[in-house]
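Working notes, beginning with the structure itself.
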Amino acid sequence: MPLVVNLMALVMLIALCVIMIYGSTLARKGRVVYIRRIPGLDAIEEAVSSAVEAGRPVYYPEGAAGFGDAWTGGKMAALSLINYTAGICAEKGCKLLGGTISSPYIPLMDDAMRQAYTAHGRPELHDISDIRWFPGQMAYIAGTDTIFRYEKPAVQIMIGSWWAEALSFCEIGARSGAIQIGGTDYRPYMPYFIAICDYALIGEEIFIASAYVSKDLSVRITVLIEDIYKWIMIGFTVIGAILVISGYRQILGWFSL
Amino acid sequence: MTFLTDPAVRYWGGVITSWSSLASTTATFVGTIVLLKYHLPRIKNKSEKPIKHQWFYSLLTMSIMAVFVVTGLIYGMTSSTYQWLYQSWYSPITGLLNAVSAFFAVSAIYRAFRIRTLESAMLVIPALIILLYDSPLGAGMLSIFPGMTQLAEYIFTYTGPSAFRGFILACACGTMILSIRTIFGKEKGFLPAEEASVPTG
Amino acid sequence: MSEPKTIWEKMQSVPSVYLQAILLLTIVVPLLTMVSFPSAPTTPTKRYYDFVMSLPEGSVVIFDSQMGGFNYGDCAPGCAATMRLVLSAPNKLKLIVLFESSDGPMFWDIMKKDFGVGLPPGKKYGDDYVELLWYTGGERGVAAFCSNFRSIFPEDRYGTPADKLPAMKNVLSAKDFGVVIASTSLTSLVDDYMRQAYARYGTPLLFDPAGMTVMSVIPYYPFAVKGYLLGLSGGAQLEAMLGSTSLGTKMGNAFSMMSLYSFVLAIIGIVTGYMVKRGRR
């Protein structure tokens, strides 16, 4: 039996680590990375302004995906964006409501919001009771319907790791006329946000957005690292496709996991 | 463990994997403590925030949680008592709320399906074909028209998955980068404010 | 907002409650009657069936059920039809059922009762069919039982040690699985099996994904995933292929009517949207 298996995956992991080291070097040299505008992210500021004019709160439910498994990335990206949104709400003097079904997530969300409101000198606008906990995916839908009925948020921002509740949330928001900005890395439910929301972040844009709002250069440089890595994968895909079409099917054995 | 075949590495990898599945279950206890911290003060103070009669809903939540926990501990989760509780209370409500999304989907379809541009036509027309292909009767109806079943299967097997493979690669990249950012301490969004401001190099 | 004037504007502003009331009828009527709608099994369903039938004699089929209260409708027909298929296959397959969550065994029992599924004559619990308990930890749990099956499942659901169950005798890791079939509404479970069973051990996979989860399965089809059932619809198709009619057929009929209604509604929505836009020009 060979000493190492899944060789290709190991090679790609090492390649990623090498690219990350290169990226860190660029960050230390102060290299500025241009990240294109993400319309959904820009829309947050406009949407919060309209919420302030209407005198209604902003609602940021984070997705029902589990905390501590493959969807943790999306939830962490959501935390950065909650912090960003809370900063804009604090600046404009608007309340931000949160929602989650993951109880360990409540203190993280509370801290992200509190930090932003305190930094803008408006700590009185935030209270932990602004973060609503729901016992399950379906209770989340029912509870959000209640929030829209009693508190009537003007804006609903749903950027995180969303599952099947996405459609119901989009529909509840659309019926009440709220401005909706959504995005998920969970691919089966991306189409709901694209079809129903006013602005949608597609797939990995939620990770790019969390890097975009970070002021840390080394975080922004990871976007460049990701692009380099993707180009390498595209290169392998094109070369592999050409070779396989030409009849060199042995290449499949090299790239098999 | 994923890459090395050494028996010792595999053995300890298996042990650690078993431990980590235990560790993930203990996160449930963290959740329970957070819930108690959230709801008990509201019950004690008869709070009317954030919604009217909040204290009553908090009391209801805590009572139902206590009933399930005590029943599970005394009788066991595979006992008929616990199963009756679960099947009579939890499953019908969950199923009901899941079914609600079908009704939402119908009004979303009526409102959202519009052909305004070439791009939206390219989205809507395959969606309509797949809507029929997805059901037994619809698949039977499609088979009446020559080539339609093959078109639906082509969309389902080639065009749709091709786009999703792109999404899979991109989202996997994003998740990997975010994970590595977290491991190296660059991602600070989840840290408390005091720790987030400490530079990590 | 101004009052709708033309017929098209009136149609566009029909209150949702009327549309939903008609939807309720399209779902309830087929469930109360047993109508035979013409149906054609799709290629993935045929491949699912063919792959099970082509397994070597005596192969072990691992069935991971993630069926719960919220996805029972989508997963149950596929679970019932698969259980019938595996236990009645001429290649003497052994079916081992495990669960992704603690309510799995409960819903499995409900499914067997609702769909009238049981052990066919000549099959014995322990020799041909075993029900295990649930595993925890998501992907970590899948990784653990793929590398050491007995460490996660030392006994069956009823407390019988694995050594005393002939069906589990030679099942030590994913290398001993003939195929893994997962009935799930979680994309993460699809990825978990791809990474832990297929990528590491080359175990072939079949899926019974519910609803939108099928989009997560399709990219791996037909290479790693040899076939799949398209949710409720696929389960009803497989049931029809097996020549049986039960609750799965009725549910398939209800789903067909719902899909047809959604199709008609979409066409009406497109036409009214176009006519309203043309009227405003």
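Per-chain residue numbering starts at 1, and chain names A, B and C are given in the order in which the chains are listed.
The rule is simple: a contact is a pair of C-beta atoms (placed from the backbone, for glycine too) under 8 Å apart; a residue touches a chain by one contact, two chains touch by 3 or more.
Worth saying up front: this structure is predicted, and the values here are computed from it rather than measured.
Interchain contacts join each chain to each other chain, per the touch definition above.
A summary of chain positions shows that the Cα centroid lying nearest the centre of all protein Cα atoms is that of chain B. Of the two interfaces, A-C and B-C, the higher number of touching C-beta pairs belongs to B-C. Subunit B and subunit C have Cα centroids lying 17 Å from one another. With centres taken as mean Cα positions, subunit C sits 30 Å from subunit A. In subunit B, the residues that touch at least two other chains are 2, 24, 94, 97-98, 105, 107, 111, 164, 168. Of all residues in subunit C, those that touch two or more other chains are 16, 70, 138, 200, 215-216.
Residue positions of subunit A touching 2 or more other chains, listed in rising order: 5-6, 9, 69-70, 138, 164, 187. Residues 2-6, 24, 27, 30-32, 34-35, 38, 47, 49-52, 61, 93-94, 96-98, 100-101, 104-105, 107-108, 111-112, 164, 167-171, 173-182, 184, 186-190, 192-193, 196 of subunit B touch subunit A in their complex.
Only residues 16, 70, 138-139, 185, 187-188, 191, 199-200, 211-216 of subunit C touch subunit A when the two sit together in their complex.
For subunit B in complex with subunit C, the residues that touch the partner chain are 2, 10, 13-14, 17-18, 20-22, 24-25, 77-78, 83, 86-87, 90-92, 94-95, 97-99, 102-103, 105-107, 109-111, 113-116, 124, 127-128, 131-140, 143, 149, 153, 156-157, 160-161, 164-165, 168. Taken in their complex, subunit A has these residues touching subunit B: 1-7, 9-10, 16-17, 20, 67-70, 72-74, 76-77, 79-80, 83, 102-104, 106-108, 111-112, 114-115, 118, 127-130, 132-133, 135-136, 138-139, 141-142, 146, 150-151, 164-165, 167-168, 170-172, 174, 185, 187, 190, 192, 195-196, 203-204, 206-208, 210, 214, 216, 218-219, 222, 225-226, 229-230, 233. Partner subunit C is touched in their complex by these residues of subunit A: 5-6, 9, 66, 69-71, 137-138, 164, 175, 186-189, 257.
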